[in-house]
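Would you mind keeping the following structure in view while I ask a few things?
Naming follows writing order (A, B, C, D and E), and every chain is counted from residue 1.
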Amino acid sequence: MQHVHSPATGGVSITKELTIQKLFYDQARRYGKGRVAMREKEFGLWRPITWRDYFENVKYLSLGLVRLGLEPGDKVAMIGDNRPEGLWAEMATLCAGGVAVWLFQDCLIDEVRYILDHSDTKFLFGEGQEEVDKALSILGECPQLKKIIWDNPKGMRNYHQDCLISNNALMDLGRELEQAQPDLFAQMVHRGHGDDVALLFYTSGTTSLPKGALLSHNNMLTMGQHLMSVDPCYDTDDYVSYLPFAWIGEQMMSISCGLQIGYTINFPEEPETAQENIREIGPHVMFAPPRMYEQMTRSVQVKHLDASWIKRQFFTLASKIGYHVADLKFGKRPVPLIWKLLEKLAYITVQKKLKDHLGLSRVRHAYTGGAAMGPDHFRFFHALGVNLKQIYGQTEVAGISVVHRDGDIKFDTVGHPIPGTEIKITAEGEIITRSPSVFLGYYKNPEATEKALVDGWLYSDDKGFLDEDGHLVVFDRTKDVFTLRDGKPFSPQYLETRLKFSPTSGTPGSSVIRRTSFRPCCASTTTWSANGPMRRRSITPVIRNCRRNPRSTPWWRNRSARPTRICPMRPRS
Amino acid sequence: MGTAAGMKQGDELLALSDVHMHFGKVAALSGINLTIRKGEIHSVIGPNGAGKTVMMNIINGLYRPQKGTIRFKGKRINTLKPHARAKLGIARTFQKVEVFGGMTVLDNIRLGRHVHYRSGILSGAVYLGRAKKEEIEHRAFIEEEIIDLLEIEQIRHKPVGMLPYGLQKRVELGRALALEPELLILDEPLAGLNLEEVEDMARFILDINEEKRWRVTCLLVEHDMGVVMDLSNRVFVLNFGNMIMDGTPEAVQNHPEVIKAYLGEEDLYATRA
Amino acid sequence: MSTTWLPCGVYHETYAQDHAWWQTRFICGKMVLLAVLLFGVIPFFADSYELSVCNQIGYTILGALGVQLLIGFCGQITLGHAAFLAVGAYTSTLLILEFPWPAWMMQWGLAYPISIVAAAIVAGLWSVLFGLPSARVKGFYLILTTMAAQFITVDFIITQYISQIGGRGQAFSLPPGTIKVGPWVIDSDLKVYFMMIVLVIGCVTVLANLLRSRAGRAWVAIRDNDVSAEVMGINVVKYKLLAFFVAGFIGGIAGAFWISNLAAVSPEHFPWFWSLWLVGVILIGGVGSIHGAIFGSIFMVAIMELLQLAVMPLADSFPKLLMDFLFIKEAAFGLAICMFMIFEPNGLAYRWWQGKNYFNLWPFSY
Amino acid sequence: MELFLMTLTTGIMVGGIYALVALGWVLIYKCSGVLNLAMGEMTLIGAYVSLSFYSMGVPFLLALAISLIIGFVLGILTERIFLDKLIGEPVLTVIMVTVGLSFFFKGTVEFIWGTDTRVFTPPVFSIEPIHIGPLIVGQVYLWSFVAAIVLLIVFVCFFKYTRWGLAMQATADDEMAALSVGVSARYVYAAAWAIAFMAAGVGGTLLGNINGLNISVSYLGLLVLPAVVLGGLNSVPGAIVGGIIIGVLQNLCGTYLDRYFPGAVKEIAPFAFMAIFLLFKPYGLWGWERIERV
Amino acid sequence: MSAENMILKINNIEVKYHEVILVVKGVSIEVPEGGIVALLGANGAGKSTTLKAVSGLLKHENGAVTDGSIEFMGERIDKLGAEKIAKMGIVQVIEGRRVFEHLTVEQNLKVGAHMRKYGRSIKEGLDKVYHYFPRLWEKRHETAGFISGGEQQMTVVGRALMTRPKLILLDEPSMGLAPLLIHEIFNIIQQLNRDEKISILLVEQNAKLALNVAPHAYVMETGRIVMDDSAEKLRENPDIKDFYLGMTDFGRRKSFREVKHYKRRKRWLA
C-alpha cells in the first residue's frame, strides 16, 4: 500500500470556532467601503459591489429570513445563474445559522422536487420566472417549503401568490427587524461553530438518486486554506465566477478561497457572454472544466488555419518555440539561454497577444478538473506560458485534494496531495483520502455514509495509483474500469482522453460514427465524470453538422469539415 | 416622464374622427373613426392595401389627412409635424425596419431619446459639463430600462446594419421605447420573424404594455392572428378605407364579414402557431 | 467611442470610462507621441517647402472637415464647398482691410482673430442660405443647388461685385504685417504652421465632440434614414441647416486661415475644381470618418506634390514639352483618382481601420 | 419683339444641342444611377474626333459616323474598365470616378489636340441663314435641333417598346431583381455608356460647328446638369424639355439681364434658376419620386 | 430520394461575404424534379444566402461560394453569372417584394420575359400569369410601386413565372401578407408546382405553412443544416414543435400571453 502524507502548513489561523459567516463578518469589516468584493457586469458596466455593500445586502437578507421564520439548521435552497444575489443569499443563510443547498440551474423538475423534499428546504431563492414556476409547480409536494424568494422581476408582474416574496421585500423585512433589534445580526453571526453544517451538497446520480453531502464550515475553510498555501492568491486578484454554484469547484473558489483571500469575484453579464466577459476581466485565477480549455485550443487551431500566411508563420514558429521550452520544463531540464531568448521573442510576437485574446494574459494559476484532460491540450497551454494545473477532488472533500505544483507538472497525473491531506491507494486500487475537509456524511442516508467514510478515510470510488514521483494518477470510476482478459485494468475514458487531441475527431470525447446514410455524424458518447459541472449533457446525442459530399476529398482533409466560427453578421442589401 | 397629469387607464388617448385621405383619385381612407384608450393594446387588421399603414402615417404625421381630426390627449394635432408629435409622446416602428444602419445599437437607442436631451450644440461641441453628464444619464437609462428589457446586451456595440433582421426589429422597438412614448405604433412588428422571435416580441409588447414602469398604450398592426387575438384588448378591422368593425378579439374572429374579407374560412394559414 | 478594441484586463466600472476617447495607456501614449511630432519635431526639422506642404494639408483638412460633415455624416451631397471657403476668406480680408479698427486692436493683433470668427459666422450663414433647399430637395438634386452656390457665390457675386470693392481690380492684396495674431505677425511658414495646427486640432475636436453628442447623432440618423429620424422626434430641417451652418463655419475658418498664406486673395483661389477636390479628399480618405478627412488631405496633397516633383526634372530636359507634361499630369491625376476609387472604394480610413484590426487580431484574422 | 423672338429661337435651337447631350446623360443615370460629371469631356472627345477626320478630308457625315463608332467603342471601354467594378459601390464613389475620368479625358484631349480653338474648315453647314417666316435661323442650329428631335423619338420608342429599353429601366429600378429574372446588368450598363458617348459626340460636333472647338466646350457637361435636373434626372422627354428651357433661359438672360447684372449672368442663370425651381418641384418636372410606402 | 431525378443539388457549400465573413458552411440541399422543398430556420441563419448562392445573385453582394458545388440538372452552376443561371431556368423571388416600382405591372411582367424574343410567347406568358393571378389583370396598367403588398407579391411571382422557370427559389413569400392572401398565394404556388411542373425551393419563416406545402424540409441554424426530414417527421419532432410550430407538449397552441421569460435551450445546439 502506497502512502503519502503532507503535513499541514500554517497560515491564516483557522480554528474550530471559525465559521464562514464569522470570517465574512471580519473580512467585510476589514475591507469596508474601500475595496471591491465583487463586480457584476450589468447594464454594460462592471458594476462594483464593495465589501460594505456586500455586507449590508447579506445582513438584510439574513434578517429578512429570520423574520420569515428561519431557525438555525433550517435548509435554504438556491437556484439560478451566477449572480451576486446568489452568493448573498447563500451567505445570508449561513449568517442566520441555516444550511445552504444549491441546485443546478438546469435541473429537471423531478430532480428539483426530490432535492427540495429530501433536504427539507424551507426557503427557496429562485432567480426569476423560470425558477419560480418550477417551485410553484412542486409546492404541494414539498410540505416544508414555506417561501419562494425571487429577484428578477421580469415576467413576475402577474404572480401574486402568498408564498412568493421578492428579494427587495425580503430586505425590507430585514431592515424592519434591524430597527427593532439592532444587535441581532452580530449575535447571529457569532453563534455558530466550525463543525456545524454549512452546505448540503447534492451529488449527481446518473443511476441512483442524488445524495446530499453535508459539509461543515471547517471543511470548507481548511480546504481553501490548503489550496492557497500551495498557490497563494492576493486580495487584489480578480476571479470570474461563471460555473454553477451547485458545483463544488465554484464554491471552493468563491467561498473557501475568495472569502479568505478577499479577491474580487466577477460575475458575467449573461451565461452566453461568459467567455467574452472573462476576456474583459482577465482573471488571475481560473478554474474551468477541461471542456473549456479544449474549446480554447480548438478555436485557436481553427483561427490559426484561417489566418493569413504571415500570421500563420509567426504562430507556427512561436508555438514550436513554446512547445520546445515547455517540454524542457516538463522534463525538468534547464532551459538554455538561447531558448530563453527565443521564448521571449515568441512571447512578444505571438503569445502575449494570443493570451490576451483568450483572456489569459494575467492568469497566475489555471486549474482544470472534473474530468481528465488530453495531454496535448495540456502541453498547448504550457507552450503558451499558461500555468495550467490538473486537480483532483470531489464534493465529499469540499473541493479538491490533489493538485500539481509549480514546476512539477506531469500531464498524465493530477499531482501531489495538498497540505493536510493524506492519500492512500487501497489494495483494490481505490483512492482514499483523509483530511480536515472530509465531509460529515450524507444527509438522511447512513448506509451511504458508512460506505464512503471508514475510520475518517473517504472512499472515493475512483481507481488510481501513485507513480514513481508520488504523483497521483486517476484512472477512472470504479464501475467504468473493465478488466482485460490478461487481468490488466482498462478504462475506455482514460484511452479516449488521450485520443482527444487527435486531429481526426471534431468534438471533445467524440467518436465518428458512420450512419447508414452517407452523412457521418459526430455524437458525443462520453459521460462526464460525476463531479463535473456539465453532467446534464450526458448521453444525449449531439448532432453536429458535419455534412459533406461523400465523393469529395477525404473529410479530414476537407477544410469545410472543420468547425469554424459562424459569423452572425450578414450584409443585407 | 411625459405622462400628462390626470390621464387614467381607460381614458381616451388618441381619437381619429371622420378621417379621409386620398391620393389623387384613390381614396385610401374614407371616414375612419378610431378611439384608442390609455393602457390598451389596440390592433388594426385588414387585407394588404386596406390603408392600415396610411392610417399609421396619419397618426404620426407623415401624411396629412384631407378631412377629419386627430386628437391626442384631447389636443388636436392635425397640423403638427412628425417630430412634434414624437415630442408629445407618439413613437412608432416600421413595417420594413427603418433603423439607422450605420450606427451602433446603442446609438440607435440614444437617438430615440433625442427629445429628452437638453444640451445644445455649443455644449455638445466642447463636451464638458452638461453634455457629458447628460450622455451618462441617458446611457444609464438606456442600459437599465431598454437593453435589459429587450435582452440585447451582446449586441450593444454592433452596427445595426450588420445584425440579422430579427434583432434589427428588436432594436427598432428599443429605439421607439427610448422615446418613452405614451402611444406606441407597431407596424407589423412580427413580419419576417420566426416563431421564437415572435414569441419574444409578443413578450416584449406585453411587458411594455403591462409593466408598471411603462404602461405604454400600443397600436398594433399585424397579420399574425395568433398574436393579435392573444394580445389585443380591441381589434379594429379595416377594409379598403372603411371600417368593418371595432370590437373584442372574440367578436372579430366570428364576424362573418371579417372572415370573408380577411381571415378566410380555414384557420390553416391564419397564424404561424 | 466605446467600441474600441480593449486589451484583456481593461474594463469599465462607470459610463464615463466607457465614453472616454482614449481608454488604454497605449492609445494615450500614441497621442502624446503625435503631439510631440506635431509641435516638437515637424516645425523644427522641416524646411520652408515642407512646412508649406504641411500648411496646404492643414488647409485641405479644414476645408474637407465641412464636406465630411455634410456628405459623410449628414448625407447632404455638396459640390460647392469652395464657395464657403471663399466667403470666409473674403469676409476676413475685407474686415481686415476695410473695417475701421481702433488702433489698440490693431496693435494687440486682435483684428485677424476677430475677423476669423466673423468670417466663420458669415460663411456659416451663407451656407445655411444655400442649405435651405435641402429641406425639400434630396439626393442628386441637391448636388445642383450646391453647385449653384459655387457659381453664384464665386463666379458671380465675388468675381463681379465683391472684387470691385475699393477699386482693386480682381485681387485683394494683403500688405505684409496685416495678418497679425496677438503679438505675432504671421509672416513665415512656421508661424502659419502653428496657427494651422491649433486651428486643425480645435476644429477636429469640436467636430468629434459634436458627433458624439445629440446633434451628431441626429445628423447621422438623417443620413441613414431621414423618415425615421423625423419620426423619432428630430427636426430634420433644423438639423440639416445646422449641419450646413457648422460645415460653413469650419469652411469659413479654413478660408480665413488661408489668407495668412496668400499675398493676395482672388476668386481663382476658390474654383469649382476646389469643391470637387474636397469631395475627392473625403472619398479617398474615407466617407463618414474624421480620420478620413485627415488621411485624404495628406494623401491628395502628397500626390499632387509628388506629381510636381516627378514632372519638374522632366520639364527641364524637355522644355518644349512643358505644356504637354502639364496635360499628362492632369490625365495622370484623373487616372489616379479613378484607380484609387476602383481599388480602394472605402478609402484610406478603412485601410487604417483594417490595419489596426490586423494587429489587434494578431495572430489571427478574426 | 423681334429681338425676343430671335433670342427665343436661338435659345431653342441651342437648347436642342443641350438636349442631345442631356439625353446621353439621362440614359446613363437612368440605367446605372451614375451621375456622370465627365459628360463635357465626352462631348469634347466626340467633337475632336469628328473634327480631326473632317480636317483630313473625310466627308462630314462619314466623319460623324466614325466618331460615333469610336464613341461607341470608348463608351464600352470606359464602362468595362472603370465603372463595371464599381457596381454596388456608394454613389459618391462612382461620381468621383467620373470626376477622375473627366480629368483624364481632359488631359488626354489637351495632350492630343492642344488648347487652341479649332474650327471645321471648310464650314460644314452653310453660313447662309434660313428664313422661316419672320425668323432667321442659322443652318447649324436648325440641324442640331432636327438631330435632337430625331434622337428623342428614337429614345422614347426604345424605352417604351423594346425589351432592352424595359430592361434598362428595370435595372435602374432594382438591379438585383432585374438580375434575378435574367437581365444582364453588364450589357445594360455598357450599352448605356456607349449610347451616351455617341449622343455626346453628336452634340459636341454640332456645337463645334457653331463656335469652333476648344476645351471650353466641356462646359457643356456642366450645363447639362441643370437641364436634366429640370426634366427630372430620369426622364427622357424631361431631358429634351430641360435642355431647350436651359437654352432659352440662357439666351434670354444674356440678352436682357446682362446690362443690369454685367458679367457672367449667362453662365450663372441656369444654376440659379434651377436652385429656385427645385424648391417648388424637388423632383424636377417628371422625375421619379421616391415611392415611400412607409 | 435517388440521385437521378434531382433537379438541384447543393453539395456542401461554403459562402463568404467580402472574402471574410463566413455565412454558410457545409450546406447540402437537394430538390427533386417537380418537388417542393422547404428551408426553415431562424433569421440570419443563412437561408436567403443559400438561395442567392443558387441563383448567382450572391456575386452581386460581394459574396462567393468558396467551397462545394451547386449542380442544376447535372451542370455545375456555382461559378456562373446570375443571368446565365436565369437562362438555364432558375429564377429567384427575392424577399421583400422587389417589384420595379416605377414600371407598370404589365411592364414588370414583360421584364420577366426579357430572355425571350418579343412576340407570341410573351402574349402567352402574360395570359398564363393573368390566369393564375386574375387580380393582376385588373391592375396591369398601374404603377407597381403603388399597388398593395399582396399584389406586389403576385407581380413578383408572376414576373418569375414569365421567365418560364424550371425551378423557383421563393424567399419568404408570406412575409407581411394578410392571412387570406397567404392562403391564395400558397394555393397558387402549389398549383404552379402541380400544373406547370415547376420545382420549388421555399424559404419560409412560417414553419407550419411551409410544412403544409412541402413534403420535405431542411432546418438551418447559424449557417448549417441541423436537420432534414420529411414534413410529417419534422412535425412530430419535439424541438420543431417547440421552436417552429409553437405547440405545447399536448399538441395545443401556446397562447402568446403566456410566453415565459425563460432561457431558451435548444437541444440540437447543445
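Basically, contacts are C-beta pairs under 8 Å (C-beta built on N, C-alpha and C of every residue); 3 or more make two chains touch, one makes a residue touch a chain.
If you're wondering where the values come from, they're calculated on a predicted model, not measured in any experiment.
Engineer: Give me the step distance from chain C to chain E, shortest route via touching chains only.
Structural biologist: Counted as steps through touching chains, the separation is 2.
Engineer: Looking only at C-beta pairs that count as contacts, which pair of chains has more of them, C-D or A-B?
Structural biologist: C-D
Engineer: Compare the CA centroid of chain C with every other chain's and tell me the farthest one.
Structural biologist: Following the centroid criterion, the farthest chain would be A.
Engineer: Please work out the Cα centroid separation of chain B and chain D, and write it as a whole number of Å.
Structural biologist: Comparing mean C-alpha positions, chain D is 48 Å from chain B.
Engineer: Can you compute the centre-to-centre distance for chain B and chain C, using the mean CA position of each chain? Integer Å is fine.
Structural biologist: Their C-alpha centroids are separated by 41 Å.
Engineer: Counting only Cα atoms for the centres, state how far chain A is from chain D in Å.
Structural biologist: That gives a centre separation of 75 Å.
Engineer: Which residues does chain B have that touch at least 2 chains other than itself?
Structural biologist: Counting only residues that touch two or more other chains, chain B contributes 62, 94-95, 98, 139-140, 163-165, 203.
Engineer: Which residues belonging to chain D are in contact with no fewer than two other chains?
Structural biologist: Within chain D, residues 176, 293-294 contact more than one other chain.
Engineer: Which residue numbers or ranges of chain A touch two or more of the other chains?
Structural biologist: 44-45, 154-155, 565, 567-571, 573
Engineer: For chain B, which residues are in contact with chain C within the complex?
Structural biologist: Checking each residue of chain B against chain C gives 60, 62, 81-83, 86-87, 91-92, 94, 98-104, 106-107, 110-112, 114-115, 117, 119, 121, 123-127, 131-132, 135-136, 139-140, 157, 175-176, 179.
Engineer: Would you mind writing out the residues of chain B in touch with chain A in their complex?
Structural biologist: Against chain A, the touching part of chain B is residues 139-140, 143-144, 147-149, 153-154, 156, 161-165, 203, 207, 210-212.
Engineer: If we count contacts the way the header does, which residues on chain A are in touch with chain B in the complex?
Structural biologist: Spelled out, the residues of chain A in touch with chain B are 43-45, 154-155, 157-158, 269-270, 272-273, 276, 568-572.
Engineer: Can you check the complex and tell me which residues of chain A touch chain C?
Structural biologist: Touching chain C: residues 39, 44-48, 279-282, 300, 303-304, 306-308, 311-312, 314-315, 318, 350, 353-357, 359-362, 565, 567 of chain A.
Engineer: Name, in rising order, each residue of chain D that touches chain C in their complex.
Structural biologist: 29, 35, 37, 82, 85-86, 89-97, 99-108, 110-111, 222, 225-226, 229, 233, 261-265, 267-268, 271-272, 274-275, 278-279, 282-284, 287, 290, 292, 294
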